[in-house]
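First the structure, in the form of structure tokens, and then the observations on it.
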Amino acid sequence: METWIFLSQIFQIFIAFCLFTTLYGKGNPLRSFAEYSYLAAGTAMSVMWAWNYIRDHAIIGLQAGEWIWIPAIILGLMMWFRIHPKYSYISRMPIAFTIGIGMGWTIRTNIFTQFITQISATIVPLFDQGAMWLFERTVIAVGIITMMSFFIYTTEIKGPHLWSATFGEYFMYLAFGAVFAGTFMGRLGLFVGHMQSYMFPVWKQPYTLGIAILVFVVMLWLDRSGLGEKLSA
Amino acid sequence: MGKEDFNLLKWMATYDKRWTYLLLFILVLLPMIYPIGMPISVSELTKEYYEQLETLEEGDIVLDSWSTEYSGYMELKPGMISSHKYFIKNGIKLFICLGHPEGLALVQALLDEELKSYMEKYDYTYGEDYIILGTALPNQAATLAMATDFQGSVKVDWKGDSIQGTFLDRIETGADIDMISDYTTGAGNPGLINHIVLTFGTPMIQNQIGVSLPGSLANKDAGLITGLLASTRGGSELELLVNEPGPGLIAMDAFTLGHYLLIIFIVIGNIGYFGWAKRVSEERERTTIR
Amino acid sequence: MSWFFKSKQVNLAILVASFMMGFVPYFLEVPQVYGFANTLTMVSAVVGQFAIVIAIYSQYRRSLRFISERRKGWVYNIYLLVLMSVMILMGFLVGEHHASYMWLVNSIVAPCSSVVYGILAFYMFSAGARAFRARSLKAALLIIAGITVLLYQAPLTGAYFPGISPYAVFLTEKVGMSLNRMFSIAIITGAIMLNVRMLTGRELAFMGFVGEEGS
Amino acid sequence: MITIVESLFHIPGVVSGRALGLILIIGIFILGIYYMRRRKLPYIRRVAAIDAIDEALGRSTEMGRPILCSYGRGGFAYSVIAAMSVLGHVARIAAETDTRLLVPTGGSHTGYLTRELAVDIVRSQYQMAGKPEMFNMDDMPFLSGEQYSFTAGYIGMLVRERPGAVIMTGGHSSEAMNIAEMSNLVGALTITSGTYVSNMAALACASDYIMLVDEQPAAGAYLSRDPEQLATIRVIDIYKILSLVLIVVGLIILNATGNDFIRGLLAS
């Protein structure tokens, strides 16, 4: 294996465990180092990402003779005036333009995906696919109706509305339990997958364990000696 | 003796949670050194996803959208690998669109490392069978533009080479895409549903992280997406279905132990609560759930 | 000339006009208008990308202030500026596909990005262990649903006790899903109402019209 | 049946299948403008979250610890605007009770825009309380435009300042869980609001009080007494009730008579 790739893989493990020391709950220089590295590299990548997009569309488009990109670039440059307090008003136009277009295309489709389709999918024939189907679909409809009634603010909650809202609240906690478990599965899966990439192929295992223990010990030492908080950012 | 019991119950109600962090670390790393090989079952959701894959025929064009950071890839890896193995094995044409700056690292991790030998085995080549369009779908606006006028909005691949003369010539609008295969960490790119699925009725399958699963389930129930692969668990089930065992199945040991550890600590917390905190009415742990 | 850029009315007019260009053509059967609206959409995507420079600028300014005032952690800010500048320069000079650029991406961004999300597994763990205590009926419902789904998700129990799976699937795919459906129906109107307020000129702070400023 | 409904809703020139969406959006515009112009303020329920906020503020003041209040790291989203009202309320009480208020800002590329509004709101609350000299810009630091250095800075503030209460509303995403657990660790009373379902479930466990779904805009509207925000809540409620009616009527008609009218309507 090439030395550079090997070094990269070792460095990955090191910087990851440095960042994991956050869990200890106190600042230390290892963590600050990892954090600032990430910030710098992440920001630099965002710059390249934006530049690529501008190049692939505006620059290549201009070369192909599409005049529309001239005002686009001017508007984009106007955006930069945002940083100067005195001339920041110049940036209002591109902001108005991008936000306006964005609002237009978001709400026109969100009303379908988030409102109409979701209601429509709740209205289904209940009786033609057996008892289980009837039960499930009833639970969904009742759940949505009662939970929603809990979140109505401009009428007073009393009478049947109160029953419905109370039931909805309990139903919501049942749902929270399920959603919490699903979320835990997701985060755990991510963590396991991440650790897997440091444990396989098998040659990595001694390095990973060694670095983990080293970082752990250094972190404890930094905390005990009081240097941790002092040297961190 | 009685005093010691009392202390144990108190500990159960008030232990320092950093011990649980350390335990979780150990329980995840340990089965990777000493694998147990626990069995798993395949859920209906994954079976449906696989059936969707089976509707594809050789030469069909799939929009392969990677709207995930590198971190999300850690969770979606088993599903991504096995889905792509299916695509490669069955000669399905892919054009890969990245939805996140970190997508660049994914190309290297997935195509250059995980799938390289597999692609060589089935003679799956760049330009002919798959094309990487790079940052083609950074947002809804770009997705909309691509869906309505493909040739007008996409001209080059990720390295700036022209895409003319490839299988992408066959695409004029979103209607010419046979399927969308989305790997996402949440809303990802809502433009895919809003501007391609809703407008052209293109089937869309999704590999979703656990956190954003409820939203995707609602979309699946409403028919907006046709197949859903849930988190690492779904990915490892798909590994079984496409008969290509990979990282997902290995992860399942750690996965099982992590879940059991949480359940054990929930039980410990409850014993502590009823045995100590509630009795001395000194509940120190604070939460909304009351 | 500057009144033109400053004017609330002019900017509001641009906002409304571009909203209309994004909104109306979708509903009309006029392909030409749709095509032009699409081009404008792409223009707006490109314009939006220019904003990254502002983010970079504020990052540099913040770090430089830390350094000049010798605030806690100023050394890290020097490191930040150097690494960021080097990477941006490399991106432009040797390109993103060059091995050296990819080396930095793979060595720094990939692991850190994984940790910041993966660490949430631990926080989820401790929050769950703390909150899942049967203090009331609400908490009990939470625990019942949570443990059922956890047991099902753990592959071992899922394989040996298939009896649990219909309950867990019901809880995630039906109960959890209905919560999400309710959520999406409930919040969509609020988002549109915010747009109504913006378009009628009542909520223009996003353009920098804060307080009494503007004409 | 569906075809009849479709022809009923077929507006010449409008793409078929999209008419209802258009009508619903126009409906929101009309209702919104109507209620915003109407002088009379609609009734609004006092959501329990407000008591929790007041309790948290009181606790901080008693303990002599600062209050930390954030409004999210996004741009001008609905939840962020609503969180600004909560921030205004917190700032007013902080000014009245001479409690120090910390407001971390930033966190995204659009964060510098929302920051200006936040500074303006807090400053004006101190002026209204007659204590403009108490307003301190250094207590509203801009913690970078990147999500995770914002989070790190936020956590740094928690650990250093040890606030008595943390009120984290508005547009926070995955970092919310990070902050909530750390805030619990430093012993602050934590009030949060979730912006998506799984975040809500996790935060419900991690925080002392959570504002669910859209309780936070409702709380914001209640606290601000701003007619436009109240009108917003009113219109939202009307649409919620509309959706409930559609579901109930649709289910009854479909299952009792086999008539697919409502679904046909929704597809038009």
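Should a chain be cited, it is by its letter among A, B, C and D, assigned in written order, with residues numbered from 1 in that chain.
Following the convention adopted for this analysis, contacts are C-beta pairs under 8 Å (C-beta built on N, C-alpha and C of every residue); 3 or more make two chains touch, one makes a residue touch a chain.
Model, not experiment: these values are computed from the prediction.
Trainee: With contacts counted as defined, which of the two, A-C or B-D, has more C-beta pairs across the interface?
Mentor: By the number of C-beta pairs in contact, the winner is A-C.
Trainee: Round to the nearest whole Å and give the separation of the Cα centres of subunit A and subunit C.
Mentor: 6
Trainee: Using mean CA coordinates as chain centres, what's the gap between subunit B and subunit D in Å?
Mentor: 29
Trainee: Rounded to the nearest whole Å, what is the centre-to-centre distance of subunit B and subunit C, using the mean of the C-alpha atoms as each centre?
Mentor: 18
Trainee: What whole-number Å value describes the gap between the mean CA coordinates of subunit A and subunit B?
Mentor: Roughly 14 Å separates the two chain centres.
Trainee: What residues in subunit D touch two or more of the other chains?
Mentor: Correct list: 18, 21, 25, 76, 112-113, 144, 146, 148, 174, 184, 196-198, 202, 204-206, 213-214, 239-240, 243.
Trainee: Indicate the residues of subunit A shared as contacts by at least two other chains.
Mentor: Where subunit A meets two or more other chains at a single residue, that happens at 22-23, 25, 35-36, 38-39, 42-43, 45-46, 48-49, 52-53, 57, 82, 95, 99, 101-102, 105-112, 115, 118-122, 144, 148, 151, 172-173, 175-177, 179-180, 182-188, 190-191, 194, 233.
Trainee: Which positions in subunit B touch two or more other chains at once?
Mentor: Residue numbers touching two or more other chains: 21, 71-72, 74, 102, 104, 138, 141-142, 144, 153, 210-215, 218, 221-222, 233, 255, 258-259, 262, 287-289.
Trainee: Among line, ring, star, complete and other, which one matches the pattern of chain touches?
Mentor: Contact pattern: complete, every chain touching every other.
Trainee: Can you list the subunit C residues touching subunit A in their complex?
Mentor: 2, 5-6, 10-12, 14-24, 26-27, 39-59, 72-73, 76-77, 79-81, 83-84, 87-88, 91-92, 96, 99, 103-122, 124-125, 128, 137-139, 141-150, 153, 168, 170-172, 174-179, 181-182, 184-189, 191-192, 195, 198-199, 206-208
Trainee: Touching residues of subunit C toward subunit D in the complex: what are they?
Mentor: Contact set of subunit C toward subunit D: 26-30, 51-52, 54-55, 58-59, 62, 112, 116-117, 119-120, 123-124, 126-128, 130-132, 176, 179-180, 182-183, 185-194, 196-198, 200, 202-203, 205-206, 208, 210-211.
Trainee: What residues of subunit D sit close enough to touch subunit C in their complex?
Mentor: Contacts found on subunit D: 13-15, 18-19, 21-22, 25, 28-29, 32-33, 36, 75-78, 81, 109-110, 112-114, 116-117, 120, 124, 142, 144-146, 148, 151, 174, 177-178, 180-181, 184, 196-197, 202, 204-206, 213-214, 217, 228, 232, 235-236, 239-240, 243.
Trainee: Per the contact definition, I'd like the list of subunit A residues that touch subunit D in the complex.
Mentor: 22, 25-27, 35-36, 38-39, 42-43, 82, 95, 99, 107-108, 111-112, 115-116, 119-120, 122-127, 141, 144-145, 148-149, 151-157, 172, 175-177, 179-180, 182-183, 186, 233
Trainee: Which of the residues in subunit B end up touching subunit C in this complex?
Mentor: 17, 20-21, 24, 38-41, 43-45, 69-72, 74, 102, 104-105, 108-109, 138-139, 141-142, 144-145, 148-149, 153, 159, 213-215, 217-218, 221-222, 233, 236, 252, 255-256, 258-263, 265-266, 268-270, 273-274, 283, 285, 287-290
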